[in-house]
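In this document, chain identifiers A, B, C and D correspond to the written order of the chains, with residue numbering beginning at 1 in each.
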Amino acid sequence: MNDTKLNTGIGELFMSPNADEMRGFLRNKKKQMKNKLTTVAEAIDTYVNDGDYLAIGGFGGVRIPTALIHEIIRKEKKNLGFAGHVSTHDCQLLSAGKSFNRCDAAYIVGLEARGLSKNSRRMFESGNVKVTEWSNGALSWRFKAAAMGLPYLPSRVMLGTDTFKHSAAKEVECPFTGQKLAALPALYPDVAILHVHRADVYGNCQIDGILVADDDIAKASKRVIVTTEKIISNEEIRREPGKTVIPYWCVDAVIEMPFGSYPGNMPGEYFSDEEHLKDWLVAEKDEMQLEEFVGHHILSSKDFYEYLEKNGGMNKMKQLMQAEHLY
Amino acid sequence: MNDTKLNTGIGELFMSPNADEMRGFLRNKKKQMKNKLTTVAEAIDTYVNDGDYLAIGGFGGVRIPTALIHEIIRKEKKNLGFAGHVSTHDCQLLSAGKSFNRCDAAYIVGLEARGLSKNSRRMFESGNVKVTEWSNGALSWRFKAAAMGLPYLPSRVMLGTDTFKHSAAKEVECPFTGQKLAALPALYPDVAILHVHRADVYGNCQIDGILVADDDIAKASKRVIVTTEKIISNEEIRREPGKTVIPYWCVDAVIEMPFGSYPGNMPGEYFSDEEHLKDWLVAEKDEMQLEEFVGHHILSSKDFYEYLEKNGGMNKMKQLMQAEHLY
Amino acid sequence: METTYNPMELMITVAARNLEDGAMVVVGTGVPVAAAMLAQMTQSPNLTIMFEAGGIAPLLPTMPISVGDSRTTHKGLKATSMAEIMELCQAGVVDYCFLGGAQIDKYGNLNSTMIGDDYNKPKTRFPGSGGANDLASLCWRTMVVTPQNQKRFANKVDFITTPGFLEGGTSRVEAGLPANTGPYKVITDIGVYGYHEESKAMMLLSLHPGKTLEDVKANAEFDIIIPENYETTVEPSAEELRILREKVDPSGVIIGRG
Amino acid sequence: METTYNPMELMITVAARNLEDGAMVVVGTGVPVAAAMLAQMTQSPNLTIMFEAGGIAPLLPTMPISVGDSRTTHKGLKATSMAEIMELCQAGVVDYCFLGGAQIDKYGNLNSTMIGDDYNKPKTRFPGSGGANDLASLCWRTMVVTPQNQKRFANKVDFITTPGFLEGGTSRVEAGLPANTGPYKVITDIGVYGYHEESKAMMLLSLHPGKTLEDVKANAEFDIIIPENYETTVEPSAEELRILREKVDPSGVIIGRG
């Protein structure tokens, strides 16, 4: 197979896949187990800079760190890069904030069964966003390569397609079998924002249900901000070491933020607020209307609690908890 | 870096790393969820053939499938290949049975803090065993490559050493950074034997504490036999989907075998029987004595229950349970 | 009980019949999950349903809204990561996946990325691959369920998001994709299609009751192979319709689309 | 309280002092875990102890017998796989590892595989790498604790199981191993050694009380660099000895070896 032509994607590689650079960063990063409790505002101020490359946990409308994304919009962070790894409501939010100018896209502008986001499409059709294409698997494995301390992982996806052509992947040959594989460059984000079920003040985190890619994202990213439904004691973490998905040294900031994934679904806790998500779709039809909608819900809310209040507060949350438990 | 010489290990590659061969096997394998309860004797008869390449779960003296290994010796299975992935008491057992003739060695003949196994050394110094060298990480990643459906994984270990030289790894260059990496060929064993804490009759398994490499081994192997401390209902498995480490379709046979890791440690259940393990070391000093010892404990025991009885039965097990709980 | 059916009900029923007992299938929201649920409640009680976000073999209480929402792990056998689902597909464990797209060509290549002729200035931007490229690359058989018309059945898709048989013949394997994988069936509101064994071009397998070869031709830009023998699609049975309407989609979210 | 000490107690104490607070260390059974426990009970309460089999940050009730036994996850922060531990090392998270071996050469290369000159007919077969090769390749600093004699401190090890600085100079990086990693200190019953900045050859850092340069030389086949200035090892304090004897190893399993 040695005369086979090996193709290379023409998409831009936004972040260096060099594992040694991340090693150098981690060597100098303080890894002590210390109390990392802070506020949403403080965490976004401290750890998210204009131009940073951002990774978001969860799955678009499931276990997303909504409170942190709102703060990114409120603080008018700009020119972010971001990993569109099944990005649905989070993509809507960042598009509403015009927060990014480049994107590794696996799934963007769509809202799964809910349809398509008109405003996310405007953002991506504006010509102001550089896009490199990937598949969900490819982006997952790019995070995993980084989490494993590797510059790349081989895979068998994207081969032969325009998705590959507009990616930054490279074809390689297996040194053992000679078969063609798609090498996926490791993705080391500057900052990750995640929402989890439980964490202690040091950042040891537990997640119920699917992990999506949060464990790998936490290890792959230089800085990690975690909101958690609930702070639990370190003693409780130590009761079930097998349940710790993200260990403390990955985490820079911890914020207790009940209903922090609203209007998304938090597995085992509360279901998504489909009414409010429909309101988003309606508001997005018109740019002026969206501006007002975002102004009301996000910009003029001093914090996430106020946003929750505006959407029905505890009473509404109780309904979503009931919906989650199917009664 | 393009003029750098890329080295290749001279060790024998015992198993094909071709992912397509395993894909073909799995396509035809029946994957229905059916009752797979059987006996130790039946399972070894059905799924372990002379000459097979064998992977063993756990960590040498921790969560090992002792009952299954005893049966391999009783049934006089011969010419096995095996993955010496921190193989301590399991290596002692297979050496006592003279069961194998080739080994991917990461850690063999040693017993960690317990010393070295004289008889395992005899086996490996006999010239009758072909050995290829690896590190623990390398063997773990070889299983992981197979579990991921890949023919290889890159890594940064073994480079520059005789371990690499006597391995079957190959140096490759990262297509993105140009750096040298050690490509590790996927390892697809013929058969794996594992011991777990809980399983349902279909083979959905839960493991407490460290996984070592059992999850990857189960996915990498063509056939999988599982002994479990306890059979639980499928309903109980479904209560915590996040706890299922090995899913049913990987598993061919399930046997309920309480104390199935004895004289090894079963995390959270019982500690290792250090007295009996010392008896092994004493017996190994002399080949005749070892033959008698193995005859008494293994060959002449009709099953694993009889072996447990010979070593103190319930009373002894109770003591080991107490030792595990530190009182 | 009404035994006439709408095109959506027919497509879901036909899709469901393709999922044999004991198979493993990765599904998305909407038609695919409806088909898988119907299959499970009819001929394939041991069908293992998986979701790309990490849910494996749930006892689905209702249709999920997201392939990651908590319904996808409800009393499931395993809850894991997206990477692990794709790795299981890569390892060859998964028999079927179900996909759709804005465009499909005669080799089953799918476009869900963009409409337009300049990638950098898309006329319309769609979500992109999501897991579609992965699933179609790695699962054994790709099923497509889609309404059929000239725009969708395009001579050339604007962007190959997801591989079908690429340029037909052996090009898929030559590209490096796993052997013996690829498009299996396309189920539309007009008929059911497969692929020609050698050329890998789309071929009629069965025509839905009341549909004609004219409909097949008028609703595709490319020529669909019409073999000498093709079937007439077996209509949904009263029992299939009852289960679909009462148990799978009682609020008519999917089948209500007609 | 007896404040004289045996060589083992000295070696463990010296090793412990090298583990600063907040560091992360992968340890094996025996001396390494004893040193890490002593460090945690003295100057480094926030030392994170890890085991290659998967245990992270346990509250160790007693010394483990196996790096995989249940003590290694007792009230731990995480219990995971061997692969994940090695991946954390590969990612650059882990500061220290502790190794031993049957032989060590002047560049810190270690042999734990075999004695003899024919690989296929070893005079003595040892366990092999275990995790040693991985840890020494990937962790930032490799510490070796070992008794010192001519046989162990060999001119040429029979087999390089585990990389030190390979052939010295820049050869380690050229082999592809991560930059700025490698042997850090060797702690023996005679002294403490480091490595020369450029040649990467072993160099005396401090001599234990009562030991001489003659002892250093007589107990190594190769020449150890003796710099103009070297220290005298600070003896274990009464407090260190008390903790070591009463809390770390009350039954004297390790320190009893003298």
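Here, contacts are C-beta pairs under 8 Å (C-beta built on N, C-alpha and C of every residue); 3 or more make two chains touch, one makes a residue touch a chain.
For clarity, every value in this text was computed on a predicted model and none was experimentally measured.
Q: A-C versus A-D: which has more C-beta pairs touching?
A: Pair with more contacting C-beta pairs, A-D versus A-C: A-C.
Q: Return the chain whose centre of C-alpha atoms lies at maximal distance from the corresponding centre of chain D.
A: Max centre-to-centre separation from chain D belongs to C.
Q: I'd like the Å distance between the centres of chain A and chain D, where a centre is the mean of that chain's Cα atoms.
A: About 40 Å, centre to centre.
Q: Could you grab the centroid distance between chain B and chain D? Build each centroid from C-alpha atoms only and quote it in angstrom.
A: From the centre of chain B to the centre of chain D is 28 Å.
Q: Report, in whole Å, the distance between the mean C-alpha point of chain C and the mean C-alpha point of chain D.
A: That gives a centre separation of 57 Å.
Q: Check each residue of chain C and list the ones that touch at least two other chains.
A: In chain C, 55, 73, 79, 89-90, 138, 178 touch at least two other chains.
Q: At which residue positions does chain B touch at least two other chains?
A: 19-20, 149-150, 155-156, 179, 181, 208-209, 241-242, in rising order.
Q: Have a look at which chains touch which and call the overall pattern line, ring, star, complete or other.
A: Chain contacts: none of line, ring, star or complete; other.
Q: Please list, in label order, each pair of chains that touches.
A: By the stated definition, chains touch in these pairs: A-B, A-C, A-D, B-C, B-D.
Q: What residues on chain B touch chain A, complex-wise?
A: For this pair, the touching residues of chain B are 13, 17-20, 149-156, 170, 172, 174-177, 179, 181, 183, 185, 208-209, 241-242.
Q: Spell out the part of chain C that touches chain A in their complex, as residue ranges.
A: 28-30, 52-55, 61-62, 64-70, 72-73, 79-83, 86, 89-90, 109, 113, 119-134, 137-138, 159-163, 166, 171-172, 175-178, 253
Q: Considering the complex alone, what residue numbers of chain B touch chain D?
A: 58-63, 84, 86, 88, 105-110, 112-114, 116, 121, 124-125, 127, 133-138, 140-141, 143-144, 155-163, 166, 171, 179-182, 208-213, 215-216, 265, 267-268, 271-272, 274, 324, 326
Q: Okay, in this complex, where on chain A does chain D touch?
A: 19-20, 22-27, 30-33, 146-150, 204, 219, 237-239, 241-242, 244, 247-249
Q: How about chain D: which of its residues touch chain A in the complex?
A: Residues 21-24, 46, 48, 55-59, 73, 75-79, 87-93, 95, 138, 140, 178-180 of chain D touch chain A in their complex.
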